[in-house]
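Chain IDs A, B, C, D and E follow the sequence of writing; residue 1 opens each chain.
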């Protein structure tokens, strides 16, 4: 086991502007200030630096409101940070692109499209032929356990079903980087486990880079190469922990692995230590 | 330990229409059919019968899309079932009332009100004086860890923060029955544990009846007197399990209690057994 | 069950119309209005049926309908595209917004004489007047609808590789559709009013022309026939718009 | 009598009712207005809406053209008396005419065949004499020409822009167009008949019968208003300018000059001429035959002193 | 800075286009912008004209006020109750397309030719968009929000006022904005046929007299009123629906 504490303030970046060959996302001293309706500035992210290697599975853990979603928006190119820079493959991120696929916390399905229409949207945009896109989409819909619901509209789905459609919609267009914001948050344990395995399979097959926000320490350790722990008010990176467990990982094997258990317990303890009361800056 | 399997089809109700003194909610052979946009009928709940005793903490577990939210809507009086009857204190449920307070899966905060405004809404409606309502609301906001965010509008909150506001808003007007739809789904483990304890404290103090939808077996066992397990396509009650653990429950004590562990493992196994593929009826 | 509900709704909708006609009959019967100004409904509907059979009246209707639809269609196309463009691009917004502020409240009829000279006495000037008046309700609704579109929908589409301009058609347009259709409904009613007004001011054909000629010569019955026709037209057009609406919005919670 | 009875609701229009403009603008110069009775003035666009307002009982007296009044009688059950006359076509004075461009190939009425002709109001007062003249020259007004409605205000521009081949002209637009040049007169209404009455004053019969003294006072004031208008052109120009908001130099080019309509000094209605017009309307199929006598009140008619 | 200047620039641009167009057309009935602007002081310095304009504005304010007060509740009721919508929708669709000008004789019969008639016409013009935007806005209110209110013990009426109204406010505001535009237009056109003192009276008299510089000066004045009212309205709107403004600009800017 190797826990690498690396407080963001102590983070030392290479002096050369040349990115290491394997770095895909490079976040450098990013801060995000929101203006609230009461005209006050609210510091959501403060001085975040983080590099993510190509093909890595990185989870972000942190208390509610610490800026996890905001960080994902910045990497997605939806929001530009108030200060600092975010780069992808050495290029500054200027906007969204099909190389980074988000799964939003609020799903954001297209209400005017059916389940099938939502999932087919991405491939069709990428120029995949309709019949092929449909076949692929149907497979994905089956994978997320929604076979038979292809012609339902989002308003006719339960919360968990919507979440699974959002997942399928993003997977359907094969982004290089997946930006997933609590993608299994509304799912029962059983469905969740199945989808975790499916996600791992896809990841292992296509060597995607995944940035994965979750509230489950368990899930983070099970899935990730690296767990980023954040703290709140303002959002900062507390620790970055490398998860040094063999792959491919099997859930039932891992549950019995003492290294796995230690990671989980350690991380949980770390959170418990900081019983901070949140308040806006 | 006592697991009481009681398949809904085998459920035998007393012949007398007089409810037992302690029954508060009585759901009798309720079915719910939705018409989809494609004009097809979709059976969401099939023949659900369930009685809930006054002051009981009942959790509902079930795969995504099995009709948990729908069942809550029926008890809340928001939706009237296609067939069957739902009664509260022996009276048929005809509509919503301040005796039953829902926490919706989608939060449904009032976007035009600040956090404080949202939480104060209920008490003010019940005729509580403004200063008093505000003081109470501020306490609740602090309890859910949002001190300092009183003047934020919902759009300025993170997902988990919105969820906590929704919780505080419902707790603020002291409904007799709480109908909670995954109220801790978007929260990190730490905040979640704290709020579970707070909820248990409130429940033990006021002897509320709680109907609690969750995806965490752990949470269900920890909190409940009774766990209702549902299965999907169409939504049915699979088992009703009495949780026979001493109260008051302390999380760290309970985690080491073998009975607790057995409940969790048993319930998880039960779900795993039925590896059904979902499809709409 | 659905069908029963539908017919119940139709009954509900017919009731007030029947009431209005009854009130009308009452006003005539009890002498609150002289027959020369307000002929009894029976006579008017009789004449309407009779007129509907005649070729000349059909032509009047056709002339009005052509102007109505052409004007309305132009207003929809212009209003929707301008509204969406203004919501999407700050640069376009900076230009369109003040121009709309100035032009929207202008009484377009006052410009009708100028239009007549520019475009002649035929369809052109009337179609222009109709579009000019129907344009702004549609434009404003589109603009507000489009600027309220949920950000994350746009983000989702862009992340899926939708080019920026395409997002307008693929996301902003459908997401703003409820508001756009409300604007269209208002625009449609205004089109009905204005096409009539234009024909009343200067024309040689159309329902509005039929109305003024009848009014000038005190042919009350003939005056009411075009009025009833436009009423019925409004009803039919609105019903069709309602059908279009519930088709287009079938995925939306409010549909 | 109560105060309500003392108010007359009067409809008026522009541009040629100088005696009423005087009453509106210089009430102090009249003995009765504002003292023994009041006037509630409402302006209308054209005479036809006023006929409807009379028939609806929303007005008591109003400016009328012979045709609109007759229409009200035939179609609207209106009973009214002609109590005064505003303007008519005095021989030698102005007569509504149809103009063409100087270089137009149209030289005679017969040349209008196949052309687009503008008229201020289709089915309006000028159309009777117009139809008659066309017929007399072998042109079928229904088939041989394309008639479009062009208000007087835009008639000159419509002609110059080529939107119409011929169009009718009225004052003050005729004076303005003539000053500018480039147009020429093709024919005028006076060729159909002399002394055409354009606008007159009519009051609802039931109102007159109920309030004879009130109407008498009103007609008396119209009579003296006409006198004042004719006697003091300077002041009349000012009054008209206040009402029409037309600049005095423009008004000065025609108002109360030889190239203006005629005005009877006592504002007396020319009943024979009106009868002649009604006959023409009957002849051209616009109206059934009517006798002007029904519009005559035995005593209340201008001039009244 | 540019944002502030944009409306002014747009106005100047519009005037320039007009100036060039009128110089090119060389038509008496289409004066140049300069000629029109030069006439404005004459109109505004005339006490009588000012009184006229104020009279019009008063009618507009009354008509607009009543329309908003009546239409919002009606629209909300229609949005929340299928039955109410089914009852009123066809009726409104029969009534609204009828041109009010054509009904003048009958309206005059009961209401005379004075203020009431004109205010009624303004009322009808304004209420159309307000009703329909409130209607659709209320329909789109998220069901669970209303349920939350119901669970807190709000009666149906309270839910309508305290939940549906604020939730639908952005859409209602769109309707009111369109209504404001239509109020100015109908304020002028309601004075077209029967005229007493009013801004429309000045305009249409000038039109009848061929005083085109006055016509266009009045059009400029009405346009200016539109800008002022609109700016005031935007201020109110921004306060009322600040909570609904999108958090980020639409990420589509082409600039």
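Everything below uses one rule, namely that a contact is a pair of C-beta atoms (placed from the backbone, for glycine too) under 8 Å apart; a residue touches a chain by one contact, two chains touch by 3 or more.
Just so it is clear, the structure is predicted and the values come from calculations on it, not from any experiment.
> From chain B, count the fewest steps through touching chains until chain E is reached.
So the least number of steps between the two chains is 1.
> Considering C-E alongside A-C, which chain pair is linked by more C-beta pairs in contact?
C-E
> Report the inter-chain centroid distance for chain C and chain E in whole angstrom, where each centroid is the mean of the CA atoms.
16
> Roughly how far is chain B from chain D, going centre to centre by Cα mean, in whole Å?
Roughly 83 Å separates the two chain centres.
> Per the centroid of Cα atoms for each chain, what is the distance between chain D and chain E, given in Å?
About 37 Å, centre to centre.
> For chain C, write out the residues touching at least two other chains, lowest number first.
Residues 34, 37, 113, 117, 151, 155, 158, 215, 250-253 of chain C touch two or more partner chains.
> On chain A, where are the residues touching two or more other chains?
Within chain A, the residues that touch at least two other chains are 37, 78, 95-96, 106, 153.
> Could you list which residues of chain E touch at least two other chains?
Touching at least two other chains: 27, 29, 105-106, 109, 142-143, 192, 204, 207, 243-244, 247-248, 251.
> Mind listing the chain E positions that touch chain B in their complex?
Per the stated touch rule, the residues are 142-145, 147-148, 150-154, 158, 163, 166-167, 169, 241, 243-244, 247.
> Taking the complex as given, what residues does chain C use to touch chain A?
150-153, 155-162, 170-171, 174-175, 177, 248-253
> Any idea which chain D residues touch chain C in the complex?
Listed in rising order, the residues are 48, 51-52, 55-56, 68, 71-72, 74-77, 121-124, 146-151, 153-154, 157-158, 161, 163.
> Spell out the part of chain C that touches chain D in their complex, as residue ranges.
Where chain C meets chain D, its residues are 34, 36-37, 113, 116-117, 120-121, 202-204, 213, 215-220.
> What residues on chain B touch chain A, complex-wise?
Going by the criterion above, the answer is residues 34, 36-38, 42, 61-65, 67-69, 105-106, 145-149, 151-153, 156-161, 163-164, 182, 185-192, 215-217, 268, 271-272, 277-280.
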